[in-house]
Amino acid sequence: MESNLLGISFAGLSLENPTILASGILGYTAESLKRVAKGGAGAVVTKSIGASPRAGYPNPTVVQAEAGLLNAMGLPNPGIDVYSEEIKYAKTVLRVPLFVSVFGYSADEYASVASKAVEAGADAVELNVSCPHVKQTGAEIGQSPKFLSEVVEKTKAAVNKPLIVKLSPNVADITVLAQAAIEAGADALTAVNTLKAMAIDTETMMPILSNVKGGLSGPAIKPVALRCVFDIAEQFEVPIIGCGGITDWRDAVEFFLAGASAVEIGTAVADDDEVFRTICRGIETYLRKKHYGSVKEIVGLAHRK
Amino acid sequence: MESNLLGISFAGLSLENPTILASGILGYTAESLKRVAKGGAGAVVTKSIGASPRAGYPNPTVVQAEAGLLNAMGLPNPGIDVYSEEIKYAKTVLRVPLFVSVFGYSADEYASVASKAVEAGADAVELNVSCPHVKQTGAEIGQSPKFLSEVVEKTKAAVNKPLIVKLSPNVADITVLAQAAIEAGADALTAVNTLKAMAIDTETMMPILSNVKGGLSGPAIKPVALRCVFDIAEQFEVPIIGCGGITDWRDAVEFFLAGASAVEIGTAVADDDEVFRTICRGIETYLRKKHYGSVKEIVGLAHRK
Amino acid sequence: MPTANNAIRMTEIVNVRTESPTVKTFTFTDRLCGKAKPGQFVMLWLPGIDEIPLSIMDVNNGLVSVSVKAVGDATRHMHNMEAGTLVGVRGPFGNSFIESRGRVLLVGGGTGTAPLLFLAKQLSAKTERLSFVEGAKTKDELLFVRELDGICSGKNLITTTEDGTAGLQCLVTQPLGELLDKERFDMIYTCGPEVMVKKIFEMTEQRKLPLEASLERLMRCGIGLCGSCVIGKYRVCRDGPVFTAAQLREVADELGISKLGFDGSRIPV
Amino acid sequence: MPTANNAIRMTEIVNVRTESPTVKTFTFTDRLCGKAKPGQFVMLWLPGIDEIPLSIMDVNNGLVSVSVKAVGDATRHMHNMEAGTLVGVRGPFGNSFIESRGRVLLVGGGTGTAPLLFLAKQLSAKTERLSFVEGAKTKDELLFVRELDGICSGKNLITTTEDGTAGLQCLVTQPLGELLDKERFDMIYTCGPEVMVKKIFEMTEQRKLPLEASLERLMRCGIGLCGSCVIGKYRVCRDGPVFTAAQLREVADELGISKLGFDGSRIPV
């Protein structure tokens, strides 16, 4: 009964429930991913992996904000060659789909990392396009429809697994980027990554993050993330993973109603690694109370006029 | 002594202190503005005024978010012709500078409303460019460098008072818009207006705001607003008014350190209309403790390497 | 800013009662409003329709009641609502009447009687004497007569109707003048149409009597931010809705005369 | 997510004390960490330099102390800090040692002695017997000998040095083996270099003795999010830093062997 209500098929993958671990949260090791899966996640996303190892930025890398967290990790990751072993091992211990998050500094790099991830066993690839593009310093690939298209096209050609593009909210109109990703072949979209933000300590008069600027996550960004999902769902049929500030079942349901077929949860995992189970129970109770037979039935209902 | 520490000259205007009432907060009547000024504000901004009367959207127009408020008022305003009388009256009762916030649907409309506001007595004009542009439906003038330039240029030519451009945070790179505004003749910038966002009620499955989408304000957006100010101050010499989520003196000081010369306060006024005085006292104590002779001395200090 | 009372709570209407041909009372449960004081109001969200301010008429064991007169879209929609309908509640908002001892007089007109009934219930045990003057157009529209009668123990309730179908045939202000000249009151409370409130204010001012009056203005945020509801320097949603005689003096040039319309321009009351 | 203990508090170092040629103790005031329990740690922000995890060595009337060994940039920077320096504090984070009664044994190596001193102070009044074995390279590096001597009343403190300049000339594990065979202990606590912890774990496992060991891993967020500090399925910052023998068994293939480096790859401990 439980799996009936919450089970979904997402971009061709079958998920026992629509709650997914967001990238960058405990996402390095197979053992951590397994633990999160045991906490009730329907799928898990790895930390974003690039072509070669990166140590990331020095601490402070995480600062607390009013209703969320600011982070600037600097994409620490062991590089896909080393990480492929972890993917292989993860596939032997995980009972839920494994999405590998991928980033790169060029379309070719994205494609190459993605194809290695798929070779190692990734069930899907999520493109993290919120990182600076080398040719146009400072801006993100995810802010330029042109670069985004190129990255998605090349990666799509290189992998035979679902390709999910995780969009940045730091844009004037997210539907422009959504359209670029969809037309270039994205099977699904994740909306959204963190909002660019910062914090300054008044005593030392210094930015707190070692990288000065970082990404805001958690409840503070939920209304923005929800609007992004709504904007995309208003215009496109593409499957969407809602992400940003989800803490309880109500938040998750808001995203389903806005048009998301599944949700990713990040920051809230710190408080409770059973958060997936708790949220699933809440969604189920809600669906029962409202007499729905499946979570699929409520997707996009807030768009009814 | 008090005025020595906090007094600033901003875009040619002299302010007793650097805290300013943000547009849209109690900003219709001269009596309300006077009350806020008595609460300690160094200047006040009116509600945004357009060419003709607008009733705004039906309720709900304000919804609470996790650490802030969502609003979609729909720019209710009596139109500049009627409002000119209020401006004239306000000038007779106010002892602090009066900024009139102006919006329009074309560059000509902006210019015409602004010049009427100045004729009526406005000490400065703040352009609210976060409203949809008719020629390019859905997008904001403040999201397009081209339209923004045009609006600023025409308005600048029409008024002989300081012209402040209030930027939207709903852009990929706020410095592009800042540059457009500066090059077109803006005397100062306000950063930022609200973040586009929404809320959905899970019981009725409906967006709560009658306008579906609205703007997020309050503490939730502070880290984003601060980053916007920092980004602009990193590249330009222009005077900046920091705005977004300021609730206490620490927040205000963060904005000064990021590069703002003054701050606007909106949402926090609901809790306490003496918030300006309280914040000024806090800034003063801070400056004394740190042995600064003026708030001007700390502007931008977070940029020191 | 984020406060518990400003978060929307969805709740079901548990009871609808017809008070008059134009007024119905709606009851719902709400923990926070269950602690409201007389004079406070809620913002009631009617999904898909509107969100409107309504005075709290009664709280009882977590049950909250509002009495609503059908005057336009939202209120007419409410009159078609049945028990079980979902509404959203924010509040309680605003200040409340300050309790007074001794001899008190309450003057209500139309749905303005609702918050005064709530106040009367609270005051009845605490005051030396409680008098109530209620006015309406016609007998059917005299609200809460039975309840008030019980509270005021008969002869202290005076009713007036414009058509003489019940009580005295006159405006509420007529018996009021006589009463004020004849008896000494320690406090007068009023709520109703603003022209009535204004008249009463003039009468109490002439006689140098204390007054608390509850006012209505266009409300949007309900929390003192948007400025829709201002009268003079005051925000009705936050500094009011209850104002003292001293405050009313400060806004005498607007009271009963002008208010802000939806577009923020001054319009006649 | 937003919790009081995760917000950075700026505070001044009020006292610096030299414990050994390589270790200094820094004391600052912090309300929240003033309530910390033995085993918990703080994230200490050294503005412009780094933010590093440090075990709490003592709390006393709102004064919090950490003992720091100079091993790299951040810790060397700290050794140059004087009273009055501003630092940022988050925490306290992590779990703590579980208090045990009866006969307890504490085994410390290097700065691992710091949280055990805090624990020993807390346990001394409550336990039947408290024994402490401390090891170091050389006499000068034996930390807190005087304090521990007072707490363990003389003969229950065993010290070892590798060069024989004080106590027994051997590794800490040597007298430990004899002690474990000779006496019965209700609980053993340890903190120190991971190879030492691993050896002690093997010794207690052989003898089926209970153990709690505090571990160190690379820390970034400190709140269980970033995954930098994981060992097996556990997050050292949140599920630890104190682990029981049962938990250590689950991570035996990593304990003393591998950890995650800054880039998230597995590197030798």
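Each chain carries a letter (A, B, C and D) given by its place in the written order, and its residues are counted from 1.
In this text, a residue touches a chain if its C-beta (ideal position, glycine included) is under 8 Å from a C-beta of that chain, and two chains touch if they have at least 3 such contacts.
Small disclaimer: the values here were computed from a predicted structure and weren't measured.
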{"item": "Chains touching both chain A and chain D", "value": "none"}
Contact clusters after notional removal of chain A: B, C | D
{"item": "Chain whose average C-alpha position is farthest from chain B's own", "value": "D"}
{"item": "Rounded Å distance between chain A and chain B, as computed from the means of their C-alpha atoms", "value": "33"}
{"item": "Chain C-chain D separation of Cα centroids, rounded to whole Å", "value": "65"}
{"item": "Centre-to-centre distance between chain C and chain B (centres being mean Cα positions), rounded to whole Å", "value": "36"}
{"item": "Chain centre separation (chain B, chain D; CA means) in Å", "value": "51"}
{"item": "Contacts with 2+ other chains: residues of chain A", "value": "65-68, 206, 219"}
{"item": "Overall pattern in which the protein chains touch one another (line/ring/star/complete/other)", "value": "line"}
{"item": "Chain-chain contacts as defined at top", "value": "A-B, A-D, B-C"}
{"item": "Chain D residues touching chain A - in the complex, by the definition given at the top", "value": "1-3, 6-8, 10, 43, 45, 47-48, 50-52, 86, 88, 90, 220-228, 230, 232-233, 235, 238, 260-265"}
{"item": "Partner chain C, residues of chain B touching it in the complex", "value": "24-29, 31-32, 34-35, 47, 53-56, 58-69, 71, 73, 76-79, 82-83, 201, 203-204, 206, 208, 210, 218-219, 247, 266-271, 273"}
{"item": "Footprint of chain A on chain B - complex, ascending", "value": "65-68, 70, 138-140, 143, 170-173, 195-200, 202, 205-207, 212-213, 216, 219-224, 226-227, 230, 245, 250, 253-254, 257-258, 286, 298, 301-302, 304"}
